[in-house]
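In the part that follows, the structures are each spelled out as structure tokens.
You will see two complexes here that share subunit A, one where it goes with subunit B and one where it goes with subunit C.
For the complex of A and B:
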């Protein structure tokens, strides 16, 4: 599985990097390719390129806030999940998203 | 309904996330010259408005900070609108936020204006016209409709009720902070909110309310939140120093020490790793925050200049003992109680993953 995504929280200090790291770590454990961009206080960190976005099976947004540059992900299935859920159970989130995407197709 | 409320929450949190650097920057640029002035015995820099020299320079810098604080409604209105309606909503949101300031509608007015601008812009995108008219829609009709709706709904229709609401709310908070029992109650609620989710929506709601009264010139609510914000990470730092090292995993011990810095600058997020390890600590944080802020209110914490957060807040508080006392109460409570209810050793490393069932994960597919 190829997954890209964005994490963002109100202050952009703690939850944002924590969610990104948790998801990327869970991806490694599942042997998936997971890349999460952090839209925190400093603006985008580890930005997702257009090529990476094009190669992704789905897009995971760990936030219920405004995410910038969403046009990169046009045409891809986009799934929003609460940021705290992504920190607590990153592996289960990734698996459930993948299952949902498979069902859609 | 639930979806709409969730959307509003997301938009308001986006607005707050853009407002944070504005208000913190503004408050620091107001505060630093003020502190330098105070070192020379001048509490009020405005008397140097027309003079020259060093103190006039301080006055000039200080007034720039006030511009930042005055922009808070504008920024929050604009970015709430932006979160909902993208670029076409931003201008109307800015105008609506400033309108809230001018008509004294407070943050409720700014939020209302942002929501209206955002939804109108979103609705405007759905207008279908022959292609040759597209540019006219984008350039003329959308700005007219978004700004026009803000003018009509917030500027005219909603101004009387929102002004009444804001006025009522401000006088109510003024009344609350003047009376000891009520002040303690208000402080306890705000402190509890700060402790509840450490930088999440509830925490930021309390912080936002504190700051909105801050721009109305009522500093106590902001001081109440500042006490809890500083004290909660301080509590975990203190904990890591007073308990035997063997009670902590190496990682959490390090994080505890780091919380000294987090607490100094007022970043509650520093306490998150502990909460992740043991969710029952939420209760400890809520009680600790409530106790600390309430103690501060009981001791009569006050400020006549814009308060700074974290330990620098000591410099701007009129009653230093009250500010420090509040922090101490909360920090001691957390430092003593937290290790009694939670296990910080390495035994079970990720309790979160198992405690969460698949059904708890809510996907919102777009």
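For the complex of A and C:
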């Protein structure tokens, strides 16, 4: 699976990088390619390029915040998940999202 | 950017999350992190109300983002009375990192340090090793070594 996404939390301080790292680590364990951009206080960290967005099977938004540059992901399945769930159970989140996307297609 | 042994508080004894946050705000002001303890406390409380910052394995990371913060950074508190904090695994909290930043111009160096600390808390090894350390100096050295990487 090829997954891109964005994490963002209210303060943009701690949960944003935590969710990104947790999801990327879970991706490695599943042997998937997972890249998460962090939209926090530092501005975009590890930004997702258009080419990466185009190659993704789905887009995971780990946030209930407003996300910038969503136009990159046009035409892709986009799934929003609570950021705390992504930190707590990143592998389950990835698997569930993938299953949901497969069902749609 | 160094985390100082002076910002480690051991044997902290508070009976509730609210009283702890009040205490932590006072400590932070005395240590020069912020100008106004009650404003700092309100900021911590507002963040907890939005969503509690309890993590897993007895750790919590309350944060304040307010103009009253003069020195961005964090304080580590080790508690003698476990607190009933809402956490991912429903375990009570015994170790708290209180993070503090101003809303603007916190400085990338500070923000990176706080990001490294937060992501370090995803690692079981980090939490276990930290708990085994008993002196403020050892704790500060360990944290600097881990989050400076």
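In the analysis below, the second predicted complex is superposed on the first by the 105 of 105 C-alpha atoms of A that agree within 3 Å, B and C clash if a C-alpha of one lies under 4 Å from a C-alpha of the other, contacts with A are read in each partner's own complex, and residues count from 1 in each chain.
In the analysis below, a residue touches a chain if its C-beta (ideal position, glycine included) is under 8 Å from a C-beta of that chain, and two chains touch if they have at least 3 such contacts.
Just so you know, these numbers come straight off a predicted model, no measurement behind them.
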| item | value |
| --- | --- |
| First (subunit B), second (subunit C), both or neither touched by A:87 | both |
| First (subunit B), second (subunit C), both or neither touched by A:17 | second |
| Which of subunit B and subunit C A:102 touches, first, second, both or neither | neither |
| Contacts of A:28 with subunit B and subunit C, given as first, second, both or neither | neither |
| Broader residue contact with subunit A after superposition on the shared chain, subunit B or subunit C | B |
| Subunit B versus subunit C as contact partner of A:41, first or second or both or neither | both |
| First, second, both or neither for A:66, with subunit B first and subunit C second | first |
| Partner chain in contact with A:77 - subunit B first, subunit C second, else both or neither | first |
| Subunit B and subunit C footprints on subunit A, overlapping residues | 10-11, 13-15, 18, 41, 84, 87-88 |
| Interfacial residue positions of subunit B with respect to subunit A in the complex | 6-7, 9-11, 13-14, 16-17, 20-21, 79, 82-83, 198-201, 204, 267, 269-270, 272, 276, 352-353, 355-356, 358, 360-366 |
| Residues on subunit A engaged by subunit B in the complex (per definition of touch) | 8-15, 18, 41, 63-66, 77-82, 84-85, 87-93, 96-97, 100, 104 |
| Contacting residues of subunit C [partner subunit A, same complex] | 47, 50-51, 53, 55-56, 61, 63, 65, 88, 99, 101, 106, 108, 111-112, 114-115, 117-119, 121-122 |
| List of subunit A residues in touch with subunit C within their complex | 10-11, 13-18, 21-22, 25, 40-42, 84, 87-88 |
